[in-house]
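Next up, some structures in structure tokens.
Shared chain: chain A. Partners: chain B in the first complex, chain C in the second.
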Partner chain A sequence: MSEKVLMKGNEAIAEAAILAGCRHYFGYPITPQTEIAAYMAKKMPKIGGTFLQAESEIAAINMVYGVSSTGKRVMTSSSSPGISLKSEGLSYLAGADLPALVVNVQRGGPGLGGIQPSQSDYFQATRGSGHGDYHMIVLAPASVQEMAELTVKGFELADKYRMTTMILADGTMGQMMEPVALDIEVKPMPEKPWAVTGTKMSRPHNIINSLFLSPDKLEQMNFERYERYAAIEKNEALYEEYMMEDAEICIAAFGIAARVSKNAINEARKEGIKVGLIRPITLWPFPKAPFENALKTVKEFISVELSMGQMIEDVRLSIDCRVPVTLCNRVGGMIPSPEQVLDAIRNAAKNGGNR
Partner chain B sequence: MSTTQLLFSGFGGQGILFAGKFMAYKGLIDNKQVSWLPSYGPEMRGGTASCSVIISDTPVGSPIVSKPDILIAMNLPSFDRYESAVLPGGMIFSDSTLIERETDRKDITEYRIPATQLASDNGFPTLANMIIVGKILSVMDDFGAESVDAALKKVISAKHADMLEVNLKAMKLGAEYKG
Partner chain C sequence: MVVFDKPHALADVPMHYCPGCTHGIVHRLVAEVIDELGIEGKTIGIAPVGCSVMAYDYFNCDMIEAAHGRAPAVATGVKRSDPENHIVFTYQGDGDLASIGMAETVHAAARNENITVIFINNAIYGMTGGQMAPTSLPGQVTQTSPYGRDVSLCGYPIRVCEMLSQLEGPEYLERVTVNSVKAVKNAKKAIKKAFMNQVEGKGFSLVEVLSSCPTNWGLTPQKALKWIDEKMIPYYPLGVYKDRSAKEETK
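And then the complex of A and B:
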């Protein structure tokens, strides 16, 4: 393993993107993700890449569309209100089957909201934030090391399935520093025979477009896209289990909420409460299998979120509501404390699955 | 198996984040698990600044320090705000130039260092933070560790290599301060 360096999560994303071969970054500054743009502004010119601060988020996502059409790895990043602005472009990327990496370092909302950490863009990310039937692959890092590793993986998945991968982080993950090792293996980029790179008079034109006026053609394209989505749901779900072997109470949490929950779980275990954690790493596809599997021993699930309860719906769907799922949350830029989560665990233990 | 949670707090411009980063890097070089989390916001020189640093033998869970083992308070608002959060048996390192009152808690130890005064008297007025860091290291019996030098080289860029010596000097001053 290479020497570990201390890096902010935002910087780790930027460095990992460069490592993955991304040479084109378009963005517009917004707290708490500005370090990504700052890092790119410093590095890209030195390695023959493009850093461009666009006039708006909407312009930036459309520049991503343009570069992606040529087959190059490309990214943009923003925080919650900026992602809303990019949503039209995200839908167009989906409609044109273009790969891209988009980072959302979430902050509290709705509206301009605040600048402190949040996870309240879960619905927006996992349901496809723009119009039309589509999904993005959504990756949720819970450490600076994962910020780097999932960025590389995000580019690979985007190319493999010709779609957007979103890194769904939050202000804490973006701002915190942790040791990170950057000797991350990068697979060779796949051929992109669909890209617009000039025909050299030797092949028919490639056309990148999301306009299909014939309904039966458009329907067929949606069907085909969803076949790809089905393959992703089958093959790409990622998660971490923590102390789940004998768990009677299971916490579901991602990102910073999962880290806070681990503290609470360690304390609860000292009190003899059998509690564990399932941490989804892919939020779409949502890892349903570990939740189904947990039902062998788990009597109650607790969804710990920095939102009013968004992922909780996927937890309930994964287990068809067969046991109670309760919510433990803070919002608006507040973060649940380990004590709050511990109280929720004790409460669940007392109820023994009876709600 | 131990975990030390430190909370650095003071005015923006006092080097709060820098001092925290130094301690985190030292932990990393000592093969510990570490995290560093700044407060962030519409902050500026003269506003409040704080950062959470965790140094542990086991993987760090939440990077947020709300109940520190060690509080570094470099101004009165920080002292007032976090004094009661320190865990029983914990320590406060306070800049007594800027904080006139002492803690009245009996279950913690306070080390009062006139860091701002010492820094200014010795010709490096911006290094009150590192004077306090020096004191922490000496209390933890860690001042002579090789990782101190190594960590300093990590947080001071090559461009500012001339600052290494003066930082070490500030830390030594803090380490040797008997108050």
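And then the complex of A and C:
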């Protein structure tokens, strides 16, 4: 068993990024993710890396675009309003097939919203966030350990599929402290023959670009990208199941909502209610298989979210609306309590799937 | 005996620029400088959004196409990725550099980012068909200022070199033009210096090139070159606006 250190979620992301070989970080201050920037500001100069506080989130994501073009691992982090600003760059990264790691430590919205935890950027993250047809791989950690592990995995997936991975955390995950084991295996980075590092006068020039004025060509680029996406949907979906063997009620929840839900499930089980949890770890690709599988026993799903009901759409799509899916939520920086979730479970048990 | 040839750094492809447009001249000057300094193999160019959006096809060095106005931020990333081995230039128009990308421009200059910026000022948005630019002159008729630029409604043109010269950061700022043989020679000297500065690690160097846009100005190529002399230079005087190293030498 490896040695564990006590860390904040945000710090775990920063340390894991360094572990993964990321030596370039660009960011702009915004609560509640500033610890990532602060950590990088301290560490990067000591290991020959770059920490740069950009003039805006827009500039930061374009600096990421620049480093990624040269084939190196690079990241930025922000919180909800800042991710909206970065969304232009996220679309360009997708259009140019560039890998990057982007962290969103979500806060309540819309607009300036608040600074307390939220999951209301689910649509923004899983539907691509900027203009055009594209996806990002979206990872949703539910512990400080996962903040670290999914950061390393995020870089690997980004490189493997030449696209952005987003860590979709929330204020709770970012701020809470837990013991973390940092002996995480890092796979070697793949070759990047497409990178712009200078021709050395020994090869034709490489071009990083998202402009394709010929509609035929642009359509082809989109088709090819979606073939890659199909492979990701097939191979990379991650999830955790908890007490699902005999579950008649299934909670769907990610991040902090999943932790709260586990407490509620433990209480409900004491009352004899057969309830379990599916916790998507990849929000895109959404893990459809466990939901389909759950239909063997499950009569009702409850989507527990810190939003007005966003993931619930993917839960419904995963099961083609064959059984009821209800919402148990708080928003605006509020977090559902275990009691609230327990009430939702009891209510579902009473209805027995008849909504 | 070959007396005139295409620079190696300039790709042997047809360009899409309009007849009489001076982009071709400036592209050639940049390519000549890259050749003369022997830096093609380590140079990474960044094209903007605007008429020179497809400049990535016209230079033989590695190229990146950036989002509108973001070239200095992208250049910052490329440069910081490997400061010793990357020579980085951006090639941007007035809408790109002085309107949508003003923040990126000012902050790259303030950081004295060790990059070279070629700034084409033709006082109009060319690619989108001739709209008012941040550098369009007072009274100038464009598609979006059909009665002439009314400064009481849409403000005054921005003098980029003068503005940036107020910053402590940048190393070198010069405004040139390319509307005569003499001017072209002078422009090349400035562009070469802007690249040399980077090679020598001196920092942010920007060359503003007053350029013509006969198509959107509604002038013949010849009259457009004259328009630079008569209208543009009086508002945008040519010259060196900042040269930190030269200043230090004279002290």
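Criterion: the second predicted complex is superposed on the first by the 354 of 355 C-alpha atoms of A that agree within 3 Å, B and C clash if a C-alpha of one lies under 4 Å from a C-alpha of the other, contacts with A are read in each partner's own complex, and residues count from 1 in each chain.
Everything that follows uses one rule, which is that a contact is a pair of C-beta atoms (placed from the backbone, for glycine too) under 8 Å apart; a residue touches a chain by one contact, two chains touch by 3 or more.
Everything numeric here is computed off the predicted structure, so don't read it as measured data.
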Is the arrangement of chain B and chain C around the shared chain A a clash or a fit after superposition?
fit
Thinking of the overlay built on chain A, is A:G66 touched by chain B (first), by chain C (second), by both, or by neither?
second
So in the superposed three-chain picture, is A:L6 touching just chain B, just chain C, both, or none of them (first/second/both/neither)?
first
In the overlay, answer first, second, both or neither for which of chain B and chain C A:K262 touches.
first
A:G132 contacts which: chain B (first), chain C (second), both, neither?
neither
Chain A: partner with more touched residues, chain B or chain C:
C
In the overlaid three-chain picture, which partner chain does A:I208 touch, first (chain B) or second (chain C), both, or neither?
second
Least CA distance chain B-chain C after superposition, rounded to whole Å?
28
Looking at the complex, which residues from chain A come into contact with chain B?
4, 6, 31-32, 115-116, 171-172, 175-179, 256, 259-260, 262-263, 266, 335, 337-338
Complex contact set, residues of chain A against chain C
24, 26, 50, 52, 54-56, 58-60, 62-70, 72, 74, 88-89, 92, 96, 196-202, 205-211
Mind pulling up the chain B residues that touch chain A in the complex?
21, 24-25, 28, 33-38, 40-42, 60-64, 66, 154
Considering only the defined contacts, which chain C positions touch chain A in the complex?
40-44, 53-54, 56-57, 59-67, 70, 73-82, 85-87, 103-104, 106-107
